[in-house]
Amino acid sequence: MTKIGETIWERLFLLCAIASVVVTVLIFGFMVVLGLPLFKGGHFFYLLTQPWLPSRHAYGIYPMIVGTMFIASLAVAIAFPLSLGCASLISVIAPRPFSRFLRRVVHLMTGVPTVIYGFVGVFLLVPLMRDLFQRGSGMCILSAALMLAVLISPTMILFFADSFEHVPRPYLDAVDALGGRPVQKFIYVMIPCAWRGILTGCILGIGRALGDTLVALMIAGNAIQVPSSPLDSARVLTAHIALVIAADYDSLEFKSIFACGVVLYIFTTIVVLAVRSLGASGRRQEP
Amino acid sequence: MDRAIKIQVDHLNFSYRGNRVLRDVSARFEENTITAIVGPSGIGKSTFLMTLNRLWETMPHATMKGEVRINLDGRFSNIYDHSYPLAELRRTVGMVFQVPNPLPMSIFKNVAFPLKLAGFCDKPAVAEKVEEALRRAYLWEEVRDRLTDHAMQLSGGQQQRLCIARALILEPQILLLDEPTSSLDATAAAVIEELLVNLKKRCTILVVSHYLAQVQRIADRVLELADGILVPSLLNL
Amino acid sequence: MNRQVERWMIGVAWLSGIVLLGTVFSIIGYLFYKGAATLTPSLIFGETQPMDALLLRRQVFDGLFPAMVGTFSLVVLSVGWAIPVGLATGIYLAEYSGKTMKRTLNLFFDILAGIPSIVVGLFGFSLAVFLHKHFSERIYPCLLISSLSLAFLVLPYIIRTTQVSLDSLPPVTRLTALALGATRLQNIFYVLIPKSLSGILSGVILAIGRCAEDTAVIMLTGVVATAGVPKSLLSNYEALPFYIYYTSSQYANPQELMTGYGASIILLTICAVLFLLAFAAKRGLTYHALYRA
């Protein structure tokens, strides 16, 4: 192959790389540009903190932002102990055959589509919640958070288990030689060593919870209100986009979904940056 | 000198991934002596040590046959008996590794760690025991003013003495050392040799070593591991 | 006091394991319990004969066949867009880019990977509107737009797995062909890519799975509840995940609801099979490569 041929291919590869970057930036760009009418005149921050009152032409997405944060944090709060417990089982506490089995099941769980979680949630979980709390339709923040927790747990579990595997061998040998039991090894050495991985796993979980659409759309109720209790119905940013897309394209109401898009993009970018900085500081600490 | 037998090994066979590492090894180790185990690299000396505190059980693909008995309070107990608790065994038989492995915590916490594992909480008593262990490991004078410093700040030789102190705090009756000075310089090694000689009045010591001069300096008895068999060494003592 | 904490930790660990396993098996068990009865050919083909449907001679009106064809077309198209670009980008990252370039590019792709799927869908929708206004009146949200959007969604997967597979090749492998006089490009095509094939393949299969299961993107870019088998790239289409979502809120009678369960089982099975294939590819090809080399 000639030198020119080589260069052409190299340029081609570079072109694809640049195209991929362009797509990333373009996505943000489109959101901003198309939401411009709402952003004009410094309205953006106004938009973020105002309630949704169509009658007054106020399309503030504040209720959706609160809804998103409420459901995402509740989901992670539920998923964290669950995931840490399962990860501890997989790493040290359970006997080898069971730990292998659990890991395989968790791995398989990562392949389950979210629409299935939503579907089962609607027909299995929601009636259960309805009967349990005797309030409303059962479609509330708590139901969505529970299902979301099951959705994000496998990723968190695998991430935690991976971090525990990276604890340096000499430390584990030391604890073994001193007569430490597996659970002691876990609490006193593995958790302190792997705290960065644990934190990263949580942040990744938050990212996934923020970005999911179907579970909240199908189970959280979608009422546009600022929720005050886990048993309230709420709407999240992602579900809002899905619901309003059918509205009249030129209306201000429609433009609000681009504001949601911008907010979501910014949130997940923050998550990515946080994970990166944790990874980088971890690398700096290594000898 | 007529001493009691502390460790009794009978017909020990050890295989790793199908390869026979130890063949029908039998040996007797006397109380309060230092026995050195020498032999070529990779032959299984560390493995032999690990059969005495069952640490090899954390390795997958390893199998063992044979008996190891330890004399505790006048009676011989089979350490592989299911009724003998593993944690208990490892407190009676301490181990020091070739490369020092202090845990990522302060000096004090490192030495006190075994007490924490054993559920021993009484703070003043813990502090006393830590000092005692550090003295026996010839480290107290050097660290008494910086017990809260991170263990990684110590030099290699100091870290190894820290690991010895940590192994000593539960007052084990047997101490296993796997090439304890091979990662240290001559001066640091000399300190550890001296402390081992002083230690033998309190416990029975087995040392794996490459350094024949060291072995001649400190050992009461030398065994050589060759072809999977343990034999009295031809070294002149 | 320590003992208490330790005992408590063991309790929490086992409780978590039981809860997780219980939940998973309940979900799957519930689906099969409710939907197993519907798993008959008529679930997929309705009143039409299977052969007629498969050969597209007749339309299927009340079966999942159009949705399955829709999902299939979607997957083929999306992966078709994504593989060349993703592969090329991954190659560039692993073989040509300098350190800073690599870190910057990776930052962008991490961000791309983190974007919620609905936002990608929104972008696809906006793209459709943009093209409609400035290029051709005929462009609406359709199969083409959906597949492009899905391609954007799975692009980071393919980039990342390609890059990681290439990067984790031992240094010796890289040098072998070069020492024999191969050019950089020849090295890539004749040695490095074949050796990383298992990793790349598993990434592709995961991307396929992602395309098959996604609902949010297609909801905004052209999927509808009834459209029959997709007629062209610019037409509307049906898809399995959307059918499940739609049925859950719009079912008219218990029978329709049952088809929802049946569809869920089918989708779950497809994803499980793809997942296992990815796993096997990662393992199997490595084995094969090692033993042939």
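Letters A, B and C mark the chains as written, and numbering starts fresh at 1 in each.
Convention: a residue touches a chain if its C-beta (ideal position, glycine included) is under 8 Å from a C-beta of that chain, and two chains touch if they have at least 3 such contacts.
Predicted, not measured: the structure shown is a model, and the values here were computed from it.
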Given the two chain pairs A-C and A-B, which is bridged by the higher number of C-beta pairs in contact? A-C
For chain C, which other chain has the most distant CA centre? B
How many angstrom lie between the CA centroids of chain B and chain C, rounded to a whole number? 54
Where the centres are mean C-alpha positions, what is the separation of chain A from chain C, in Å? 18
Distance from chain B to chain A - Cα centre to Cα centre, in angstrom: 49
In chain A, residues with contacts to at least two other chains: 181, 184
For chain C, give me the residues that contact two or more of the other chains. none
Mind pulling the chain B residues that touch 2 or more other chains? 116
Complex contacts: residues of chain B adjacent to chain C: 116, 119, 121
Contact residues on chain C for chain B in the complex? 1-3
Chain A - residues contacting chain C, complex: 1, 5-6, 9-10, 12-17, 19-21, 23-27, 30-31, 34, 81-86, 88-89, 93-94, 102, 105-120, 122-124, 150, 153, 157, 181, 183-184, 186-187, 207, 210-214, 217-218, 238, 241-242, 245, 249, 257-258, 261, 264-265, 268-269, 271-272, 275-276
Residue numbers of chain C touching chain A in their complex, please. 5-6, 9-10, 12-17, 19-21, 23-24, 26-27, 30-31, 34, 84-86, 88-89, 91-93, 95-97, 105, 107-123, 125-127, 129-130, 152, 155, 159, 183-186, 209, 212-216, 219-220, 241, 244-245, 248-249, 260, 264, 267-268, 271-272, 274-275, 279
Can you tell me which positions in chain A touch chain B when the two form their complex? 170-171, 173-181, 184, 188-189, 192-193
